[in-house]
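Multiple structures follow.
Across the two complexes that follow, chain A remains constant while its partner is chain B and subsequently chain C.
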Partner chain A sequence: MYQPMLFLHWKQIRVVLIPFVIAAFGLPLLSVQGLGTLGGAVALEPLQALQAAQGWLAAYPLLAAAIGITLALSAWNWDHQLNHVYALSLPISRREYAMAKMGAGAVLALVPVGAFWVGALVASAAVHLPAGLHAYPNGLALRFLLAVMVSYATMFALAAGTIRTTLIVLSAVLLYFTVGGAAQSYLGLFFPFFQHTNVVGDTLTFLGRLGPFAVFTGSWMLIDV
Partner chain B sequence: MNNALEVDGLDWRAGGFFQLRDLRLRVPRGSIYGFLGPNGSGKTTTIRMFMGMMKPDRGRIRVLDMDVPRDMPRILARVGYVPERPHVYPALTVGEQMRYHASFFRKWDAGWAQEMMRRLELEPDRRISRMSKGETGKLLILLALSQRPDMLVLDEPTDGLDPVVRREVLTAVLDYVGETSATVFISSHLVHELERICDWVGVLDRGRLVAELPMNQFKSGIKRIKVSGAPRIPVDPPFTILSRQQANGAGTETWIVRGWQDPMRQYFDGVGLDLRDVVDLDLEEGFVELLRSSRPGTPRRS
Partner chain C sequence: MSRLALGCLAVGLAVALTAPAPVTGQQTEQELVSQLEALEPQWEAAKQAAAEAKKRVVREREDANGAIDTLMVGPLRVLVYPGQEDVARDVVGEVWRRDFAGWVDRSPSLERYAFFFQWTAHPRPFIPPHPRVTPIVGSGRDSRRYMEAGVRRAVAAVLEWDLQNAGFARWASPVVSPAPGPWVYRVMATTPSVAVRSCLAGSVKACVSAAGLAEDKYPLDDWYTPTERLRVANMKRYAWRHRVPDACLHDDVKACDAGLEASLRPRDYAYAIPLSTTARGSLLWFALHQGGSGAWSRLLADSNASLATALSDAAGEPVEEVVAKWRAWVVGQRPVEYAGMGRTSGITLLWIVLLSTLAMRSTRWRSG
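Moving on to the complex of A and B:
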């Protein structure tokens, strides 16, 4: 049962996965480009090198989130189109079906994550780092994997319901941050998670406090001290 | 237990417009049960209830001696289902869909599936999204039959198919039943189609079951009769009068009656009425009269 489900998901996602694999492989290489020609000697000071690498900080979690969300949406896409009639006519419990489907997506997530890891290893090996700086390709790849899995699992759970349910949940979250932020700013009312009184800042605070989501907000440095 | 499907006191309500009311069904094991009803009468909703896809507000459903929804995976392992609209993945090929489907069913008969594919002229490499409605219909039947079910649930399986494909599909079902004695529950609004193959019939209208009986009784028991000198209220007729209309000629009426048997002619002598004519109705006419008479507001005196 699991193998055909993996095949089914692969058949759905394979074309979409190609640009993600290319991006995941290329991103670590791009992020070390500022350190000089790949493989060449680098004359940058450690601080300059760190600043150059930081330019790509935001791209890592965004790419991880995009991969996770795309995988999750594609997992349920065909079932949604068929109103889940086929899935519900199969002789397994809904829990088993969802778990097998989720497992298939998780395995497929390893493809871009693997590309990212290889890209990080190649990038780390290709640059000459100033004294005092180190490359962390394995740690960054692990963080990337965790971020992909967190976004995948979250969106998988949301998308498992009807489109209506998903929209209600997402709208409720958005409403909380916009109305709550406004209420805090203008009325002085207290709402948990509001510190910055702007949606992006509050969302990051919110994510940072929710355990697994903190993976998106921490350090994403391939090159660090 | 002798029933493959038992439904008791099934209630379901969607908003203020549609509902199933106190539905009771008995589908004898080994029968081919035709579930008749006009469009929108609740046939698909009823099927989705006993396939565990929708939850009733009230009522009890047992399929193959197992409870819905508690035993759903075990039930679905023994039930072949062809829904109203194709439910297979359009981006897969026939062969891929068959392999995917087979992986869920322990009793999947790969040899039978290959034979069916050849017989129904389906190509394994053909993408489902590029198949005609008829070809998709044949694939759905192939999938349902190849899992060797004890019960087949077919929701308007031939709707929109051309006569050749329709015959192929029904022949495949009948061959399977002939070989395995499986129970078939087939819903349709195509009365003539069910007339040929079913041995039991249930008629659903506006969410209510208005008749459930063996097909031969249904066919032979509904008649159009002409009666002279009919009183306003007939005295204790041994049959059910579905409708009455004035016929040409003074005091002559046309009655559509249900539960008719030939010895009942004597009833008319006993109450002093003149029975002029008894005409057989075909299933479609009987079906229409049954629906007409069962709807609220229809004049019905008996």
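Moving on to the complex of A and C:
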């Protein structure tokens, strides 16, 4: 069951993956642009080198999230379009079907991640770094892989359910973060506990440390001290 | 009101000087002295009126604030609204014990200044009764860490007043609110200076020189390569009071050197010293902690002491030893990139498994 699923998903996503693969390979190269080549004439001061590299920081997690979300949505696309008739006609359980589908998407995610890793290695090898700075292509590639996977898993889980369930979950999360602060202020009038805590802020801190998106909050530096 | 009193005094002076017979060249010194003495009561009255007005403003502001309690947390005088005593004692006390009590024994500024502390979801307005009250205010949404950082900043800012007369005040400002160790390492690793690089590589002598603590005070050649001098002078040229000569813009190293040397004049900010103010502040903070009890008093004991002597006195050991220990500490603080990836990977994998399980548990097929 797994191989047909992988083939089906590949057929659907391959054209969409091309720009992602190009972007993933090119982004590390872009971020070291201007830092000088091996034996080249231009070698920037460490501070300038870091500043140049930092300009591209936001692009890494955004690209990872975009790849994960696109893969997840494309995984369930044909099921939603055909009202799950194909899936129901198969002699397997829902669990097996979802697992095969999930595995297929995860394997396909390795294509842009691999391109990113190669790009990071090439970029690191191509620049002449000032003393005191180091390149971290492997660490960055691992972070990129995890970010792609967690975005993929989150969107896969949401897309697996009905649109109604998805809307309920997303609305509840949005409501919590938008109205939570005001509700806390109101509760603070009656309960001193709420005067010295920041429920929404603490939730965000928790999610940043132990939540699904913890991988997005760390360092994304290809070049650092 | 004090403006009014001063205005009256000015008018009085003008009247007294012009109303009598026009001053002539023949007016004797004796007459001028007696005229000045005649103004003394008016001067005293004006001073008294100004003082009264000042007291009245303080009273009015205190009335506007309502009842305020005063607590002593160590040597810190803390003003709070009723109901905030416990939280103020807790937060301010912890910061004081952790960050300052070990080395601040006596501070003239802390005796003069007070702190207003308020941390509640419903803050009440507060008008400082006089300028020597530093407010530390947080709403219910602010975390304890935020409040502690506010206390630390406020105490540090007051302590810095003690340094106003010290010869090294500009050398290490801000002194008492240092940057975290990893940040200091990052700043040093990205400083375009051969001396700082040697310092990080292990040379204590280079550290002492890069910090501007060496006896041959400002050895530009040891600090920077010619290329670095060009770059540093051009980077900083707008920050300096004494501008770097224009020729420096056109790769004239001598012109850049002139600009760098100009920044090292006694009353200037010594930007040319390779070790940044962030790193120097960290060094002084480290020396104070090393010195322990009484370090702050020893630092301030001689306002004419050289940098090296003041640092050594504060730390209670030779400056080379303090710098060596500080260097080792900074190197130990090097941020290890992707250090937490093992833990992050574990957390992320757990979430991926959880989310996958949720995807497989969907009831869509069963509900048809």
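Definition applied: the second predicted complex is superposed on the first by the 187 of 225 C-alpha atoms of A that agree within 3 Å, B and C clash if a C-alpha of one lies under 4 Å from a C-alpha of the other, contacts with A are read in each partner's own complex, and residues count from 1 in each chain.
Here, contacts are C-beta pairs under 8 Å (C-beta built on N, C-alpha and C of every residue); 3 or more make two chains touch, one makes a residue touch a chain.
None of these values were measured; they are calculated from a predicted model.
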Touched partner set for A:Q54, first chain B, second chain C, both or neither: neither
First, second, both or neither for A:W78, with chain B first and chain C second: first
Between chain B and chain C, more extensive residue contact with chain A: C
Which superposed partner A:L88 touches (first chain B, second chain C, both, neither): both
Touching partner for A:P4 - first (chain B), second (chain C), both, neither: first
Chain B versus chain C as contact partner of A:Q12, first or second or both or neither: first
Contacts on chain A seen with chain B and repeated with chain C across the two complexes: 84, 88
Of chain A, residues touching chain B in the complex: 1, 3-5, 7-8, 11-12, 78, 82-86, 88-93
Contact footprint of chain C on chain A as seen in their complex: 45-47, 50, 84, 87-88, 94-95, 98-99, 102, 131-134, 136, 139-140, 142-143, 146, 149-150, 153-154, 156-157, 160-162, 165, 181, 184-185, 188-189, 194-198, 200-202, 210-212, 214-215, 218-219, 221, 224-225
Residues of chain C touching chain A in the complex: 87, 119-122, 140-144, 185-186, 189-192, 197, 200, 228, 231, 334-335, 337-338, 340-341, 344-345, 347-349, 351-352, 355-356, 358-360, 362, 364-365
Contacting residues of chain B [partner chain A, same complex]: 51-53, 72-77, 81, 83, 85, 87-89, 91-92, 96, 99-100, 103-105
